[in-house]
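In the two assemblies presented below, subunit A is common to both, partnered first by subunit B and then by subunit C.
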Partner chain A sequence: MAILCGGTIGGLLLGATPGLSPTMAVALLIPFTFHMTPTHGLMLLGAAYTATVAGGAISAILLKIPGAPANIATALDGNAMAKKGEGARALQICFISSFIGGVLGILVLIFLTPVLAKWALGFGPSHMFWIAILGVTIIGSLDSKSVIKGLLAGAVGLWIAMIGYDSIQGVERFIFSEHLEGGVHIIAALIGLFAIPQIIEMLEGGRINRQYQIIKVQPHSIVAAFRETISKTRAAVIGSVVGVVVGLIPGAGGQIAGLVSYDQARRFSPNRDKFGTGESEGVVAAESANNAMVGPSLVPLLTLSVPGSPTAAVLLGGLLIHGIFPGPNLFVEHADVAWAFINSLLVGQVLMLVFGLYIAGLAAHVVRIPPPILASGILVLSVFGAYSVQSSYSDVVVMLALGLGMYFLSKYGFSPAPLVLGVILGPIAESNYVQGQIIAEAGDGMFAYFFTGALNLFLIGLVVASIVYSVVSEIRIRRLEPRTGVAS
Partner chain B sequence: MSQQDQVAGRFQQCLPVLATLALGLWIAYESFTVEDPQPYLFPQLISVAMIGLSAAALFRAIRGANRTGVGIPLDLLLRIAPGIAVILAYVLVLAPQLGFYTGSAIGFITLYSLYDPNPHLSVRTWFTRIAITAGFMLVIYLVFALALQVQTPRGLFL
Partner chain C sequence: MSKYVTRFGMLAVLAAAMALPASAGEYPDRPVSLMVAYSPGGATDFQARIVTMVAANDEYLGQPIVIINKPGAGGKVGWNKFASGSKKDGYELAAYNVPHFIAQSIKFKTKYNVENLEPIANWGADPAVFVVNRDSPFNTMKDVQDYAKANPGKITVSGAGLFVGHHIAYLQIEKALGEKLKYVPHKGGAPAMKSVLGGQVMAGVNNLSDAYRSRDSLKILGIADVQRNEEFLPDVPTLAELGFDVDDSSVNFRGVMVRKGTPQEVIDTLAAKVPEMFKNKRVAKQMKAGGSPLRVMTRDEVKAMWAKREEFLKKLLAGL
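Our next item is the complex of A and B:
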């Protein structure tokens, strides 16, 4: 329980801090879990994941700076409410809505995951190979503004995973520095790729004195906030349903859930003209949606080992360092750990509600930490985090090299999520490819094994569809650019 | 956007793609020229994908069709360069030579002071900086040394 409380409070504060994304917050927490049992470690990560998404609303409401992209829609009405002196009311409604959406999302996770996992139990190496490739192409296509660059980042990630000694024959591969002899550890890669670029981004402004226009939070009755949220049933239902549906689509993310739900709630509301001016229905719709997507976004991760979001990709890394391979066998080999993790998400929602209602005032101070202190603190934490996993200084050097490289690549439209996923899924893809090759050579050959059969063709179809869909979307956006003036 | 800006953008867009193309070619060379190809079968696939995708991205960059990423203008580079220098000095020199905690404290206060907008000549500013650094390092020590019992490398100092 102490771990869950710590994860929730930490997640709320980290989520509320502008510049700290939920993905980076979870990545920075993983080294701490390394010293815990798998069950405790995953409970901490689950609670932190849930809380960071909700915590991002605090800065969205009080500063109009969303803590995460998922909270963009929350800022529209939440900040308008805060400016009217209703900051506490907005925060309370936000956490109650997050709780409603979050619980519904976790229930979907609880009921859907075992069904899908049972179906996926019959998967062979060729299917697992295509699933690993699907994971990279989905995140590479949907999480990047450029499909080619997303896929390219995924390929670079797959190569990084190959550095070190080959797991089957022990052959040395691509070791061009003494620091790479042990390969690239997942945690060093996660911290480097997500934290170091954000540290440098915080320094981009130079010595500018950023004074946040923070709004003072006036006391407000929690009971009244509960009554008001429950009276906005339509917005809560729209938000929760949209969040669940969007969450189940790998790569779609909380930002889409929040914005789509906000738009639909406005369309069906009799107060649609008041949206954007401090209408609490807007906060209910946005927050119930971005928390409802948390549970369903983990369904493809836990059943097929395909992360539905960048944060889910980081959680996959957290599972793997504890020796737990998510996928069809998760509920057979590690059912206790899997269910403890899922249940911690549910309990995490209750704790998020309780702490969220009372911690918002404290979080208002946390969000004011100046970027230079935040950047220096994250840097030291990253160095200690990367080192503590294997007590290897090479991990620190590798972490820094990957982080600096990622910062420069991000300036040219490359995203860290597909690269991370490549690093994580690389060994899975390779081992299944090699196993498949052995089976294929004893049977009808490589083509027959990897490219025939209904499931293989279905998975290949999904790989192609994820790329084609993103290419078509990219072309459509590009055609709209000259007319709308929207820059990519 | 002027024509000159467009050309500069195209040139900058080509740089990372040329880097990935070079990487892909090197991986292909390493993977296809070994005596025993078995451990390199998967890297061979990756290298082919990387070369193909890099070539496509390079083609788009030359045509000016790569419209993602703002690039790194000189003024931005000048603003981040001191910070990157401190980060490199901290990780590559200070922490291994002076000890993890001493190096981290120096790295923390240097990076913080470099980008802190408060006046450098004020005693109050330095008192705040030292107090925040000491407080943060104390928390780090309590968490990593005492709670997690992580043995960190020692240099001249702790």
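Our next item is the complex of A and C:
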């Protein structure tokens, strides 16, 4: 129990630190488990994994710096709420919806693993390519008023993702400087794009007016937060379902679960215009999704020994070190350890909720720190976070350069969210296209490989539906608001 | 609890040692770092952590070895930094992966090659194996050869990237079969294995250790090595036994190296103590538990192995 509590609290703190993603946190903890019994070691890893995913939301909400790519969508509405002094409410809702999504995901892991494992493995390069394209279709509408600006930012993101050695052929692309040799790491990009423009703006504001606007932090009762979250059934259901499905697909990972479900929740919500201005439904959708993905992302690992996400790959190392080989026999040969691990994920969710709600009220006071002091604090965290990802000075340089660029772009109404989505989706779309092309050449050709089969057609249908929906709603908005507000 | 105390003790020693200027004590008088060119949690990282965990014992270095990860571009980022920027005082070591770094130094403009690095000792060897899905119609390498003869270039084979052990093994197998196959590079061993299990490709070249873990869902047709693996897969024949001309050139060797120009006495100390450390009982037990084949080689043996690989790879890659 002490291990579980320690893992959860540590995980929340690690998760809240920009740059320390769940993958990093679990990797850092593995050496500590060398000296523990397998059961204790895995309980620690399980609790830490659960808590870091949720912890990433703390900095996303309070500082608008997503702790990991999974928390990008949380930052959009969560931070808007915190700026209004509703940080406590946002955090409480965030932890409650994380809990709902997380528990649901783990129940899927417990009861449906054998059924889903085979299905999850069926996703090949052509399907992954269409999933990435589906992600691209939401770029335009994400967190920006103008579709054109969203798409432009997305295109810049796709270009940034290309920098470095291409992962399949090993060809050098756009390496103008030694610092770009390893490419742009997603975490470095994330911190730079979100944190640096804010820091500059805070310092800028500090120079102009020395009178700080004091934001009143409104306390918020936990009971009311529960009631509110439960009333957002639609968002929670969308979030959990999207999280479970995306989590199961190996290679997609939780990075896009939050964003996809945020986008879906907005489309189905009557308050869709309020998204991005502090709509709690957005927080519910994003956080329930990225926690719901935790359990299912372990399905291929535990049953077939195939890690479906980077974090699962690191967990595999942690299991192996204790002589536990995941696979069909895991629940036969090491049933006690396997169940201890799964239970620790479940108990971790409960502890995460308890500790999370406890710190929510206190943490919300972060917004009262005077901007110049907060800015320097965030700067230290950003540099630390970017460096710690791969202990590389180059990542810090890249992070600062991207941040500076984003500051100027934000002056012209561009938003970092579609840009980051481009960085995430670029490599998924590209490498799967290249692999698909090679496989198609050996098989029946490109058209047969990419455009036939039920799953391909279903995914293409979703892509088309997404584009049609965007166009239709864009036209409707233009008709409703003739020549006002829309043109930004 | 005492373990945590020692851990904090180690940290304190580490902090104290960093604060002290390099005094003229006997090497090593402060902790030593080991750069791993792959991310935390990967096979190289995880094995490096196991084989160095007893470094602080008096009979070995008497100082802890700290792992530093510098991943990126298939190891190129870390090794480039190591070969151009690290200190030559014996306090900065690096892990090598053969044939990866040698093949990269031949195919790309890298700052590292076998000339500017000095091997210390080898800890592990993970041979490549040829695998197909359990449901595959192929039961032997002969089946693969016959199918390839009838359908040249139609058999898709997954592996982790270009110019890594899997790819070298693939090139050798294709040559030995005398038929055209189709190589599908992936981003690592795990996704490549996933493609075999999910039926996206017809066959795969992958690590013996990973194939061993997934053996219930696979058929392992042959090992690309000169001897069978008695520890994990005693029943799987080597490709050479099956009559295909494939040797151990693609075996993924992992070990420790320093930069050229490191003082000879430091190299001698390391070359004497590090292989002994790899043979430690606790190390061997943990490696076996993790399904990682241990193969300890001394500095002279590794030197000979590097030279042989360099010569072989230059010939193999010349035509590509």
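Descriptive notes on the structure:
The rule we apply is simple: the second predicted complex is superposed on the first by the 254 of 488 C-alpha atoms of A that agree within 3 Å, B and C clash if a C-alpha of one lies under 4 Å from a C-alpha of the other, contacts with A are read in each partner's own complex, and residues count from 1 in each chain.
The working rule: a residue touches a chain if its C-beta (ideal position, glycine included) is under 8 Å from a C-beta of that chain, and two chains touch if they have at least 3 such contacts.
Bear in mind that the values here come from a model prediction, so they are computed numbers and not experimental data.
Judged by the touch definition given at the top, the superposed model places A:Ile30 against subunit C, while subunit B stays out of reach. In the superposed pair of complexes, A:Phe194 makes contact with neither subunit B nor subunit C.
By the touch criterion defined above, A:Phe95 lies against neither subunit B nor subunit C after alignment on the C-alpha atoms of chain A.
In the overlay built on the shared chain, the residue A:Gly183 is in contact with subunit C alone; subunit B does not reach it.
Using the contact criterion defined above for the overlaid structures, shared-chain residue A:Phe450 touches neither subunit B nor subunit C, since it reaches no partner. In the superposition on chain A, A:Ile439 contacts subunit C only, with no contact to subunit B. Of the two partner chains placed by superposition, A:Tyr49 touches none, neither subunit B nor subunit C.
When the shared chain is aligned, subunit B and subunit C each come close enough to touch A:Ile168.
By the touch criterion defined above, A:Val156 lies against subunit B but remains apart from subunit C after alignment on the C-alpha atoms of chain A. Common to the subunit B and subunit C contact sets on subunit A are residues 32, 35, 168-169, 391. Interface of subunit B with subunit A (complex): residues 12-13, 15-17, 20, 23-24, 27, 30, 36, 38-43, 45-47, 49-50, 53-54, 56-57, 60, 66-72, 76, 79-80, 83-84, 87-88, 90-92, 95-96, 100, 104, 107-109, 111-118, 132, 136-137, 140, 143-144, 148-153. On subunit C, the positions that touch subunit A within their shared complex are 3, 7, 39-43, 45-46, 49-50, 53, 68-74, 76-77, 80, 107-108, 153-156, 161-163, 182-187, 190-191, 193-195, 197-201, 210, 213-214, 216-217, 286, 289-292.
Residues of subunit A that touch subunit B in their complex: 32, 35, 144-146, 148-149, 151-152, 155-156, 158-159, 162, 166, 168-169, 171, 173-174, 196, 199-200, 203-209, 370-373, 375-377, 379-381, 383-384, 387-388, 391, 393, 396-397, 400, 404, 408-414, 429-430, 433-434, 437, 478, 481, 487-488. Against subunit C, the residues of subunit A that register as touching in their complex are 23-24, 26-28, 30-32, 34-35, 121-125, 164-165, 167-170, 181-183, 250-251, 300, 304-308, 313-318, 320-323, 325-329, 390-392, 431, 435, 438-439, 441-443.
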